[in-house]
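Note that the chains are named A, B, C, D, E and F in the order they appear, and that numbering of residues resets to 1 at the start of each chain.
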Amino acid sequence: MAANTDLPPGVDKEQVFGMLAMEMEYKVELFNRLAMACFNKCVDKRYKEPELTMGENSCIDRCVSKYFLVNGIIGQMLSAGQRPM
Amino acid sequence: MAANTDLPPGVDKEQVFGMLAMEMEYKVELFNRLAMACFNKCVDKRYKEPELTMGENSCIDRCVSKYFLVNGIIGQMLSAGQRPM
Amino acid sequence: MAANTDLPPGVDKEQVFGMLAMEMEYKVELFNRLAMACFNKCVDKRYKEPELTMGENSCIDRCVSKYFLVNGIIGQMLSAGQRPM
Amino acid sequence: MDKSMLQGLDGLPEEDQRRMAAVIEQLQVRDSMRMYNSVVERCFNDCVDNFTRKSLQKQEETCVMRCAEKFLKHSMRVGLRFAELNNLAATPDQSN
Amino acid sequence: MDKSMLQGLDGLPEEDQRRMAAVIEQLQVRDSMRMYNSVVERCFNDCVDNFTRKSLQKQEETCVMRCAEKFLKHSMRVGLRFAELNNLAATPDQSN
Amino acid sequence: MDKSMLQGLDGLPEEDQRRMAAVIEQLQVRDSMRMYNSVVERCFNDCVDNFTRKSLQKQEETCVMRCAEKFLKHSMRVGLRFAELNNLAATPDQSN
């Protein structure tokens, strides 16, 4: 998904813009889903205080890390299989 | 929701494009929601194996069929009532 | 989030359009999430009859009101803190 | 989506109002589509749970129709209340 | 997204078909992206529940791979059935 | 959305960078809007369950404020970690 900005002569600039915009959109969505998942997994929904506890904070750090790992595993599976989704 | 490509003289081509694009978007969303619903209804979330079982496969086929039927019933209700949503 | 249509001389009209379109989009999303939340909180999912009961109707009215209040509280918190989200 | 979302357009010249109206219409069409898809999803999820056959059973069909009917009535009621509160919030003098 | 969504374009001149194809491709790219994000979300939610370490445990990894595999097979099967029913619905004479 | 998403634009001429920056800003505004709507939805769902009156009760209000506060702090923390890992992944030599 990395954008290539070193264009070979024949490539349309509009396409590159489109791809970059898509990649941003992809990352925004990745971020939003990740944030939602980690909120659900890590934060106590009784809201006894407005601060995140130490336990919640370290849970969040690990959760983000694990989400990226899952993202990577599935990305590899897909590019290895070359399956169209 | 069927697109009409036999244009009467006065109709704006841009509008037709807009409608076709909308219809695609509609079907993509229909597909995504249907796929999510049938995954939830039919697939065992313990993931004991990477293959779909025979039971899961036939559940999926029936699920897609039933989803289309529900889609049709509600579509008829709405067009009969002519209610704006 | 109120749109300002009295433009000072230097302001780009395209930006105003963009902001108005964004504001519409914001309200559509607000409406959709609110409607979903109040359906979940107020409507009996056994669907014994096609009409909303009196209890459901008054629950809906209060639910919409409370959703707006929550929206207002969080809006004030955010604009007071000036935190970028 | 309701009419009250059109507020704030009065100051614009006619051509711009037309353009804005087109944007709004597109949002409305997209919104109806989503509403339609979401009532189907909701009623399917709440009413259909048996996958031993590929056709709908009578009680599933009844459930789906009542569900859709309720959903639409709910949406209309929410729309009315939403418009009232939205107009209230848009009147500057009463916004606090 | 499947080919059957292209139906109804035959009547258009070539240039317009190209333009429409570009719109469709953009929808497809966006849709693949969403599909990718949603399989990751789903398999993370279903398989990962232990946050005492920041690396994945072996059984979490196995679970994620099976989940993704199943999800993709499910999507393909749904895609096939969807296309069949969609084509059926698009044939005017059989639409009722 | 974080700054690290801007990587890869350095090679473009200035005018294109401006254009891309406009696209990014639009995504950011839309994203803030969604974030705002989703914190409201989340805190409403988690904190409000009594519909015998149309005003908020004191403890509901407290719950909503704590919830929003936590949600924002959570988002900021996730944003920091996300940026770190995202930058790591974007450095080609370390991507495997």
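Going forward, a contact is a pair of C-beta atoms (placed from the backbone, for glycine too) under 8 Å apart; a residue touches a chain by one contact, two chains touch by 3 or more.
Values in this document were obtained by computation on a predicted structure and should not be read as measured data.
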Compared with chain F, which chain's mean CA position is the farthest off?
B
Remotest chain, chain A as reference, centres from CA atoms:
D
Can you compute the centre-to-centre distance for chain A and chain B, using the mean CA position of each chain? Integer Å is fine.
27
Report, in whole Å, the distance between the mean C-alpha point of chain A and the mean C-alpha point of chain D.
30
On chain C, where are the residues touching two or more other chains?
25, 34, 42, 61, 65
Chain D touches at least 2 other chains through residues 34-35, 38, 47, 65, 69, 75
So if I start at chain A and go to chain E next, what's the full loop of chains?
A, E, B, D, C, F
Could you please specify the touching residues of chain A with respect to chain F in the complex?
2-3, 5-6, 13, 17, 20-21, 24-25, 27-28, 31-32, 34-36, 38-39, 42-43, 45, 47-52, 56-57, 60-61, 64-65, 68, 72
Seen from chain A, its contact residues with chain E in the complex are 18, 22, 25-26, 29-30, 33-34, 37, 40-42, 58-59, 61-63, 65-67, 69-71, 73-75, 77-78, 83-85
Which residues, counting only chain E, touch chain A once they are in their complex?
26, 29-30, 32-41, 43-45, 47-49, 51-56, 60-61, 64-65, 68-69, 72, 75
Residues on chain F engaged by chain A in the complex (per definition of touch)
1, 5, 8-12, 16, 19-20, 23-24, 27, 31, 34-35, 38, 42, 46-47, 63, 65-67, 69-71, 73-75, 77-79, 81-82, 85-86, 89-90, 92
